[in-house]
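Dropping the structures in below, format is structure tokens.
Two complexes are shown next, each including subunit A; its partner changes from subunit B in the first to subunit C in the second.
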Partner chain A sequence: MSAHDLAVASAAALVLAGAAGTALARSATRLVLSLGAFLLGVALCFLALGSPLLAAAQVFVYIGGVLVLVLFALMVVGRGDGESPRVESRHDPGAALVALGLFVVLAIVTPKRPSGIAPPEMVSPLAVADVLLGSGIVAFELAGVLLLAALLAVLVIVKSGGER
Partner chain B sequence: MILTVACAGAFALGVYAVLVRREIIGILAGAELMLGAAAVQLLVAGSGEFAAGASSFGLILLVVAAAEAVVGLALIVTAYRRAKRSRIEEFGEVSG
Partner chain C sequence: MSFVWGLLYGTGAVILIAGGAVVGVWWERKVSARIQLRLGPQQLGPAGSLQMLADVPKLLFKEDVVPASADRLLFRYAPLAVFAPIAMSLAVIPFWAGWAPLDSAAGVLFFLAVPSISVLGILFSAWGSHNTLATLGGVRAAAQMVSYEVPRALAVLSVVVLGGSLQPSELMDAWRWWWIPVTLLGFGVYFIASIAEMNRGPFDLPEAESELVAGYFADYSGIRWAVFMMAEYGAMIASALFGAALFFGGFMWLPGVAGLAVHIGIAALIITAVMWVKWTFPRLRQDQLMTFCWTVLTPLALVQLVLAVVVALWL
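Here is the complex of A and B:
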């Protein structure tokens, strides 16, 4: 097993452990920590798949931004008695069956990258910029419009919430 | 191979979290799991000839997921400030 295969396996294990913790944790603090581990695992997967730009964006946007926002929301929603808020679940065999079936189907039908082959070449930010400002310009502009719409939506939501 | 199985597992766990969680923040975390797993699988499928295109599309997916998370968290905080409720079954009605 090469060093690259070992790194991929470690990143995959971190993704799975973080996802399991996020889905099953009962304490909000553990949920956030597990979500952080999952997001870090995703960033490591991006790096192992040859996309350092995406890995850096994942760390800055998610671990540095969204995770802090989730913590902030938990502090606002928390009970304020010093205990970590509980995140309750209604565990259901039907839901477990749906998730298990989905896992089996996805594991079978999605394209796979065989292990043991040479690590992929790193995709430079210049190549990504070429695609985004070339054939992907419409998607790039739409992403900008979506961000602006999200910003306006948050302003409207927060303003309407404070009027009562 | 191992990444695809891990992504499928993370996506299924995200679906499970969305189905069984009662707190809205847990449901939002489940949605994040699904989006993260989809982004990694996108790169797995596009590795090789389409690596630059897959990375570009992954970046746009990251933007979509970030926008979804920010709007979702704003809704959670506003709903809690208005009604002191954070469980999904307590929101029986939606008003504009």
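Here is the complex of A and C:
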């Protein structure tokens, strides 16, 4: 087992531990802590797979931005009675089923490597920019539109929930 | 092998920050005393410079109090989550021509991204304390740090546009003296946004002692409180060293060790200016803080970015 394999394995272990913690945590704080470990693990995977730019962006956007917003919302909402927000929901079994299905699909489509993962070439930020603003610009912009649509959908759902 | 190097760099960063914090606290006492027409520490050693030898053991031996209602895990380890990312960010600062401890292809982004993990540590310490004042301070700190990251990153981006690289060593190779006037506005934005990121005066609303006691670290004492202080001074040291390199060329002025001395000298001047600002301006109000970030600092950073792009295209 080379040092690179060890790095990938420990990053993957952090991802798994974080994911398990996120799914099983009973308190909201532990949940966010686990989610943070999961996101950090994903960033470390990117780093181990040779893309420092993606790793830094992952930390910047997801840990420094999204996770802080999640924590922020948890702290501001539902502190009135001094209790932590509930993390159980009646949708949990359904969500577990969806997650299991997704796992099966990913397990089938992920290509299998014979043994270990070779240390890949470092992907330079310039190469990433070439793809994102060159050949991949349509997909890149479409992904942006998709995110915007998802954001609007969430707003609509939340608003209609308030009116019911 | 790289693991051993990482361990060495990590130890070096912690020693640098701890030493820097000790010297920094003494220097801050002297600077603030000058501004307030006092003398500051003067009894122990020349110009009171040995005062910290008495203060550090005091902090080490103070009782480590954990409030009964606190979430023990979060409360105990949150200070480390604040400190560690800041120590990590030192790794990508270029100290020598063609060399940085971690000369990553995305080094500049690393410097901006990794310290943002410490926001999480601050929120955890605030929540872990189970205390209204700490929670308020934590929420303030998070809002402030997330907001001021935007103009700070934009200001650094203007230098990246001129240099055409995110790699610290390449960026420093491309550095020319005439960048200073071109990016002066960017340095101003970087300087102000960095002070806000460190939660220092006049942006120290998260710890505002007259209303929130000490905000997110109100319940901390002894060594854990000292770790928060070290994180603050560490952020100051890292921001000053990084700013000295990117905006003022750092070691580029002279070859070898003399260049390193120039780099540290510029950083020391920036740190002194940070202290000067803290002891001169009164604390802002929360709404003023946010308005200033989004209506003054961010547009200025965008103007700087456009200027840098025009110059880079014109070259």
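The criterion applied here is as follows: the second predicted complex is superposed on the first by the 106 of 164 C-alpha atoms of A that agree within 3 Å, B and C clash if a C-alpha of one lies under 4 Å from a C-alpha of the other, contacts with A are read in each partner's own complex, and residues count from 1 in each chain.
Throughout what follows, a contact is a pair of C-beta atoms (placed from the backbone, for glycine too) under 8 Å apart; a residue touches a chain by one contact, two chains touch by 3 or more.
Predicted model only: the values in this text are computed from it and were never measured.
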Subunit B versus subunit C as contact partner of A:Leu35, first or second or both or neither: first
Touching partner for A:Val68 - first (subunit B), second (subunit C), both, neither: second
Contacts of A:Ala3 with subunit B and subunit C, given as first, second, both or neither: second
Which superposed partner A:Leu53 touches (first subunit B, second subunit C, both, neither): both
Of subunit C and subunit B, partner touching more subunit A residues: B
Touching partner for A:Ala99 - first (subunit B), second (subunit C), both, neither: first
Overlap of the subunit B and subunit C footprints on subunit A, listed as residue numbers: 53, 57, 65, 69, 72, 76
In the complex, subunit B residues that touch subunit A: 1-17, 19-23, 25-26, 28-30, 32-33, 36-37, 39-41, 43-45, 47-48, 51-60, 62-64, 66-71, 73-82, 86-87
Contact footprint of subunit C on subunit A as seen in their complex: 3, 29, 33, 36, 40, 52-53, 55-57, 59-60, 63-65, 67-69, 71-72, 75-76, 79, 122, 124-125
Subunit B partner contacts - residues on subunit A that touch it in the complex: 8-9, 11-13, 15-16, 18-20, 22-23, 28, 31, 35, 38-39, 42, 45-46, 48-51, 53-54, 57-58, 61-62, 65-66, 69-70, 72-74, 76-77, 87-92, 95-96, 98-100, 102-103, 106-107, 110-115, 120-121, 123, 127-128, 130-132, 135-136, 139-140, 143, 146-147, 149-150, 153-154, 157-158, 160-162, 164
Parts of subunit C lying in touch with subunit A, wherever the complex brings them together: 2-3, 71, 74, 104-106, 109-110, 112-114, 116-117, 119-120, 123-124, 126-128, 135, 138-139, 142-143, 146, 149, 166
